[in-house]
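I have a structure here, written as structure tokens, and I will follow up with some questions on it.
In order of appearance the chains are A, B, C, D, E and F, and numbering begins at 1 in each one.
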Amino acid sequence: MVKAEDFTFRGLNKMGDTNNPVGSNVTQVNVNQLPGLNTFGISMVRIGYAPYGQNAPHTHPRATEILVVIEGSLLVGFVTSNTDNKLFTQRLEKGDVFVFPEGLIDFQQNVGHGNAVAIAALSSQNPGAITIANAVFGSDPKISDDILAKAFQVDKEVIDKIQSNF
Amino acid sequence: MVKAEDFTFRGLNKMGDTNNPVGSNVTQVNVNQLPGLNTFGISMVRIGYAPYGQNAPHTHPRATEILVVIEGSLLVGFVTSNTDNKLFTQRLEKGDVFVFPEGLIDFQQNVGHGNAVAIAALSSQNPGAITIANAVFGSDPKISDDILAKAFQVDKEVIDKIQSNF
Amino acid sequence: MVKAEDFTFRGLNKMGDTNNPVGSNVTQVNVNQLPGLNTFGISMVRIGYAPYGQNAPHTHPRATEILVVIEGSLLVGFVTSNTDNKLFTQRLEKGDVFVFPEGLIDFQQNVGHGNAVAIAALSSQNPGAITIANAVFGSDPKISDDILAKAFQVDKEVIDKIQSNF
Amino acid sequence: MVKAEDFTFRGLNKMGDTNNPVGSNVTQVNVNQLPGLNTFGISMVRIGYAPYGQNAPHTHPRATEILVVIEGSLLVGFVTSNTDNKLFTQRLEKGDVFVFPEGLIDFQQNVGHGNAVAIAALSSQNPGAITIANAVFGSDPKISDDILAKAFQVDKEVIDKIQSNF
Amino acid sequence: MVKAEDFTFRGLNKMGDTNNPVGSNVTQVNVNQLPGLNTFGISMVRIGYAPYGQNAPHTHPRATEILVVIEGSLLVGFVTSNTDNKLFTQRLEKGDVFVFPEGLIDFQQNVGHGNAVAIAALSSQNPGAITIANAVFGSDPKISDDILAKAFQVDKEVIDKIQSNF
Amino acid sequence: MVKAEDFTFRGLNKMGDTNNPVGSNVTQVNVNQLPGLNTFGISMVRIGYAPYGQNAPHTHPRATEILVVIEGSLLVGFVTSNTDNKLFTQRLEKGDVFVFPEGLIDFQQNVGHGNAVAIAALSSQNPGAITIANAVFGSDPKISDDILAKAFQVDKEVIDKIQSNF
């Protein structure tokens, strides 16, 4: 029996814990938290940013994202695919909206003086997220430093050092 | 040549004019306002509500909607399709989220003491909106009162009177 | 074990009971009646109309409809979405075909002298249907007359009266 | 400027010319005849059958079909894909409905005493149709009899003879 | 628990048994053999051809195919839908690629001196395949020779003879 | 006028130039090279790998990939999305097939003694590709080292050094 509660999620106004290396926090409202989204191809997130915090470069493998700034100032950007790899950025203030196309690497950085808050919607009920640094250097098990040294064109020691952070 | 501005819309924090019979205002950010949304199946709106205002019963013919309350208190609801026509409602406070399934008749009413504001996302870059009262009683030209009197099971005079309001 | 019967429905030539306030009857052949339609995105209905009968204003939340008149004469129409709310109508005779775009409010009225019959197909195996008057004024529980009075711009007494019919 | 006529097609009640080798005629109402179907994923056909006529084995490469008998009696059938190639058939009378799944080889044969008529809808605005005998033996230019002799496991002379009919 | 093996299929380099009337063999790698393809809308096949062998005229009811020649020389072709039934053919050598649009009748014939091998991908995780001769003349049970004689415009004896081969 | 050449691409057997930092080369056959793929949701690539070469970690933002080894030995892998970031790997020999789910970071490394060759198909006619190192450290203009230092948790000097390679 479906009921109104299945279509309701409460508390997206609450700041998550941003006391972490990147200084941000994402609260997800997708089909895992809100079963009423099932089959509907849409979901929502709140992103809180501490001063100097960022939502580090990441992709959503199954969704385009539309984001609106609720509080503070953000530098936002995404990089187009091969072989141009063009970086598109904008500075957003409260009430400004930006689109991150499906699957592209994108980020947001708090460039104001206090906390910043954004609400974003994604075009999938289960969009997924891949934080690039974590997936590349912090996978379980690790990708061999052999592969990453060649990909990033640095010595294995540099790779090993970055991997040790994750 | 695509540029960052094509993915940007500014000013969704501004209250639209709610000085109208239903006491609300919708600011749309779909592919018509934000060309970067093209082919991506998502869009956004801001809804402002004066005290006692409402977003009157309406449908989105091509999208499911997920809404979050930014300010104030809302009574939200939708009616399921034939033949149950079950009404699902919830009272939402700041930070609460609700889902309106594709094509169903839904509404929001400001039940707080001041203005209310919601941000909502829709699962289409061009979701459309049909305000029931306006489409049924205010179409151009009018639907004949003959048809509406039988549909709503009232005298034609009642239909004529409602039609005269639109 | 799938068998030929799973792809068969019998008796769509039979007139349903049109002895009701709107004077029409819809026989549905969707995935609930015909399991062979599963995953195929199509279904069918037969609509019978008594003299002066109508298929009252309604929407299909998940489908476009294509209708052909088998017998009699119909006035058909649909209303476009906000903010134009333009009414498109046509008079159809036997053998005439009309399209009702997905999610728009549409209706058919018997404008001939005898019964009328139409066959229509819908672009979903489970298209749903929302009869506007029933969903708005006859939901369970009722939508508050406060909301509807403002939406339809009439006194609550008018709303209460219409609600009492459903 | 869109207008009501764009959503209208007239005359699907008329019998097409069935004076041809297979004794049937298909009147199409797809996006080529009815522009209002554009993007909506649905279309319609009328099929008329002379006595002993058939709608010869064919496929619709982009659509599932749902058919209702308007007049007469039909034997209908389709064959499942490799390697079962199971034939599913039914005898349909007036008002009976049958589903032909997307891409499968299907046919209808008039098994009554007079003309038969069916209305069918297809889950594409441009479903296409491939009459097997015509495409295999009557293509322009011809498929080499070398290939067809091996495929049908008969002498080239048999192939040449069938090809000469198309 | 998903594991790497769910995304792996081994042995597509092996020649299947081509000792059959058409002199070819198809090894399928779709969701039935490779569960990791589930929901992803793609699959693969290897086709081996003996000298003079062919992949007889067939359709894929739910997929477009892109094929690359790994070894040998192939004549490939497809026939467009009604009413043109135009045959498009090409001779392919090692490394050449060809596209067979969804649902159209297509074939490949080994026109080199030794074996030929192709790898093809299909735009469905479960594309299906219908070998025309087998489905039309070898279904279980048989399509009546009455129907096929009229469709192919030959005597029933010819039909009976072809049917007896399958 | 469509013709057979529109469905043909020649020369996918040729080794591209692998004399580059990662020791591999991708030849694309998507809708840009092969117009006959338009609207069909599928495309193909050939990947050549020098000894010790790799197809560096990358994503396809709009497609799942299915790959078969034509020659040589490959270590292949992908990393699941947040927060597990599980690495799935397999060693593939000639004839082995592997699936890379849509949007996930994946790679292949030549682990044999000579060149390696793979053919892969993708579930989009225009799948796109994002080589992680190039997009993150080699975009135009660069992402600020401020952002990347925090994301990868290293000093800006390390970021500057990696950026200088691209």
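Simple rule for what comes next: contacts are C-beta pairs under 8 Å (C-beta built on N, C-alpha and C of every residue); 3 or more make two chains touch, one makes a residue touch a chain.
As the structure is a prediction and not an experimental result, all values here were calculated from the model.
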Touching both chain C and chain D (chains): none
Shortest chain-hopping distance from chain B out to chain D: 2
Chain copies touching (chain D, chain E) - same or different residues, decided at half shared: same
Maximum centroid distance from chain B, chain identifier (CA atoms): E
Interchain centroid distance [CA atoms averaged], chain B/chain C, Å: 23
Whole-Å gap between the CA centroids of chain D and chain F: 44
Inter-centroid spacing, chain F versus chain E (mean Cα positions, whole Å): 29
Overlap residues in chain E, where contacts from two or more other chains coincide: 101-102
Category of the chain touch graph - line, ring, star, complete, other: ring
Complex interface listing, chain A residues touching chain B: 3-5, 7-14, 29, 34, 36-37, 40-44, 46, 64-66, 68, 70, 88-90, 92-102, 119, 121-123
Contact set on chain E toward chain D in their complex: 21-23, 54, 56-62, 77, 79, 81-87, 101-105, 107, 109, 128-143, 146-148, 150-154, 158, 161-162, 165-166
